[in-house]
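In what follows, chain A forms one complex with chain B and a second complex with chain C.
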Partner chain A sequence: MTDPMINIVRLSQEFEGFIALDALTMSIEKGEVFGFLGHNGAGKTTTIQMLTTLARPASGTASIAGHDICADPLSVRRCIGYVPENVRLYDTMTAAENLIFFARLSGVSEPKRRVAEVLDLLDCADLSAVRVGGFSKGMRQRIGLAQAILHQPQVLFLDEPTSGLDPMGIKMLRDLIGRLNTDFGMTIFMNTHLISEIAKTCTSIAVLSHGKLVYHDRIEAVTARYGDDAALEELYLSLAPQGRLAEVA
Partner chain B sequence: MPDFNPIRTIAIKDIHDTLRDRFILIVTAFLGLAATVALVSGAIALRGDLATYEAAKATLLAIGKSVDGIKAPEFYPLRLLRGAIEQIEIIGAAVAILVGYRAAAAERGRQTLALILTRPLRNWQFVAGKMLAGFGLLAAGLAVVLVGLALVLHLTSGVGIGANDLARIAIVWGVALIYTSCFFLLGFVLTLHMKQPSHALLAAFAVWLLLVLIAPQIGDTLDPDNQVAGGVFAQLHIAKPDQTEIMKRFASFESLRNGIEVASVTKHFERFTFAILGIKATYAGMAIGPILTEMWSNLFWILLTALGLACLALALPLNPNRLAKA
Partner chain C sequence: MSELSPNWLIARQSARFVLRERTVALLATLFVTLVLISAWLGWSATSTVDRIYVDAAAFLKASGQPVPTNPVLEISPLSLMRNMSVYVALIGALSAIVIGNRLVSIDRKAGVLPLIGIRPLGRSAYADGKIAALLGVVLGLIAIAGVMAVATFLVLPSVTLSGGQWLQLAGFLGVSALYMTCFGLVGLAFAARAKSETVALLVPVTLWLTLTFILPQLTANLNPTAAINPISALATPPDTSFFHWAGWLLGPLSLADAYKFASANLLDYLPQGMASPSFIPPVANIVLLTAAAACTAWRALSRIEMTQGDYDA
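Then we have the complex of A and B:
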């Protein structure tokens, strides 16, 4: 049995007395595409912020590829890529300039060559010399994904990656995630609201409600038990009540 | 050994990005223009004085009289930089606050900080990169302004400037860089750590108002000798020893007045640069070495302020939750 790629142990976060995440414990195996579901303010983004070392947990810990997020954040940062919900880049710089900057920060040895490679991979080489100030949401999302995979991370964190995208954009992103997972073996950790995407993209899911983990299973077990997307939606709604939508930053 | 690559990468990106910001470029150009106007008006006056002297000399020689009777005026072209120094004191400090504000607010507004802080670099390296870019931009901006001024001075004053004058301008450039860095760091630290960037900008300008405009003026306003135009002592024809005797009775008041003045980094900058450039009559014609020896405490305080703020910027922990918001 190999060690899990992401191992979370009693991870908790608190903001001025409000418990945003309550002793979350779970593990995600290498090569999984993990879907993290939950209502607004359930603690999904808070979890990603701690796993990506952007915020320190109030208590508990987690490890990514064997590196502890509190004790060794730099090693964690070397193995992860992160795409926030709203990708905002440097508007006055071109897509390539933005990506070369992030490649250099990630210690990529030949940034220009690697940027060209990644832009080709994401089928957006034509955007290379264009300033990102004029980009649509979908184009920004693609460049956002490009910056996250420049250093070939083992784990890719995506926070609401399909938020604000049109159906074409959603399909494009789903295909990309699939390719990154199958062709490059990346483990994907994805926060999402879209139930329909879960069955098409994920290999396992978990549901968070008011900071507590209420469900975690492999997608085959979920579909075997609940069947189609509509039933999956019923499951989600029953587990993640919308009564108290505390917006947690 | 710390890794300087992330620092250099962030600094280069920031310089590149700032140079494409029209607002910063326009404000810097305004500083250059204001300093040049102040210089040119002084240079025209100096040229007039020189022409009057030359005309008087020519007239005396034409009628066969000796020119020994008229004393050649002492020309210190660097004194003409007084207006420019005052512009750097006031507008330069304001531009530095804007550059510092921009360095932090640009990342907060774009929410790019999360992308940077999930890279394998330490938070202090991010801050150091931003600071390096800020210092680089200020150094380049001040160099352009001062080189331009030296050129205008040389061409318009009719007196010309030599190597010694250039050395003094170079010293002023270095001190102006440290001085403006204090305000860059003030704007940067406040914007990086306060809840709202707009509040940080207001707070930075409140401090600027106090340090640059109010505190230095308090000294002049409260100076007993400045209460009458031309000076109280001069108007009453009181001799220097008697002046000293009278002022001894106001020792506590004078200490307080001077204390308020020197609490401002701007006053230290003004005292130092006015001495180096010979703007203050006491130092006109004095060699650089003795001036540096006498004015080192002013330089020390400016440097200490900049170093203190730089250490604060590097030491304060970043709050990603706060920085994720514009």
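Then we have the complex of A and C:
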């Protein structure tokens, strides 16, 4: 059996006494599209921030492609890409200028050629010479995805990638994620709120509630057991009984 | 084209951005204009005195009276640049604070820190890049000032600098660059660590006001308006135990005092027997405080919060 692409061991985070993530332990295999579900404040973004080495864990650790996030963050950064929930770029620069800068920081050889290649791949070559300041949320999301895959990472982290997008934008992004996974073999780690997206995109899911992992399984097992989206939603709500979602429901 | 290291990429990108900023451009233009005015005033005053002397010398010679030496030659030509030390202490230091602040706040306000933070570069590379950008911009400003100073000395009649004086001028420009860099580093440090954008700018400006106007009052009994005058600022402090102890304790922190004394010494207008209130020689004092500011800025930058970055509203 091969080593998992992402291996998380008792990963914890604390903010001034508040436990944001409580000893999260799980692993994600190479080539998976992993959906990380949870209510607002469950600890999903905190988890991504630690896995992408943007924040140090209070305790525990994790490894990405065999590299420890605490002991060897530079190696981790070489094999990951990250699209934050709200993609923000240098507004006064064009999309291509932004991407060339990030490509150079990632050590991409021939950054201009690579940027043109990625913009073509994402069907947004027409945005290349346009200043980012005037971009819509959907355009930003695509350029955000472009900056994340410039260096051909093994793992792509997406934080609420469909948040604020219209149905067309959601479909386009879903298709792109699928292509990155199937054509380039990228392992995808995706935080999301949209249960309907899970069955269409993910190969495995986990549910986080108040910083604790309450469910983790492959999507086939989930759909075999719970059937359609509505049943999946029931599962999600039942797993967060003390959460805000349950209160709203 | 050979690929630049991440440090230089950060430095180049930041310097380009900061030079496009209107506030920075305005302050830099103001600084350069004031240096130009300073050079013009020195040139104008000296050439006027020289012309009057030539006319007077011709008249005295014709009437058979003894001709005194040219007064222009009795003072060191370097002292013509003394107004520049005032502009460096005031507008130069303030510009450096704004430059330092903007070098970091452009990234924080753009919200790109998470995208930089996940690149394969150490946090130290980010810190090195920002400090290199600050040095580049400050040295650029000082280089413009230096070109103006050199041009002034080359076109002035009756004024020639010896090899040693050219070195002193270079030393003055170097000390001025260090002085501005010190404030720029403070700007960098607070821009990296402060939660609010206002605090990030206000604290370094308050520090600058304290060092320029308040500490000289405590160490040498200088009132604030005197502190901006390079001549009166060199007054001897009263011989009392308060000023003795204040000078001993606060003198090493009094950066503006150290700069004024170092400038006066390098530009040959320091009255004989006068010494700075600090027990540390002025140039060494500036070097030490700049090194301390560099360590603080580097530490703040290498620990910058990369998860979101933007200032609190």
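The definition used in the following text is that the second predicted complex is superposed on the first by the 240 of 249 C-alpha atoms of A that agree within 3 Å, B and C clash if a C-alpha of one lies under 4 Å from a C-alpha of the other, contacts with A are read in each partner's own complex, and residues count from 1 in each chain.
Everything below uses one rule, namely that a contact is a pair of C-beta atoms (placed from the backbone, for glycine too) under 8 Å apart; a residue touches a chain by one contact, two chains touch by 3 or more.
For clarity, every value in this text was computed on a predicted model and none was experimentally measured.
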Once both complexes are superposed via chain A, do chain B and chain C end up clashing or fitting? clash
Should A:Asn181 be classified as contacting the first partner (chain B), the second (chain C), both, or neither? neither
Which of the two partners, first being chain B and second being chain C, lies in contact with A:Gln141: first, second, both, or neither? neither
Where does A:Ser109 make contact in the superposed view: on chain B (first), on chain C (second), on both, or on neither? second
Kindly list the residues of chain A that each of chain B and chain C touches, one partner per complex. 49, 52-55, 74-75, 77-78, 80-82, 84, 86, 88-92, 101-102, 104-107, 147
Name, in rising order, each residue of chain A that touches chain B in their complex. 15, 49, 52-55, 74-75, 77-78, 80-82, 84, 86, 88-93, 97, 101-102, 104-107, 147, 249
Within their complex, chain C touches chain A through residues 3-4, 6, 9-10, 13, 17, 20, 106, 110-112, 114-122, 306-307
For the complex, give me every residue of chain A touching chain C. 49, 52-55, 74-75, 77-78, 80-82, 84, 86, 88-92, 101-102, 104-107, 109, 147
Listed in rising order, chain B residues that touch chain A in their complex are 5-6, 9-10, 13, 16-17, 20-21, 110-112, 114-122, 320-321, 324-325
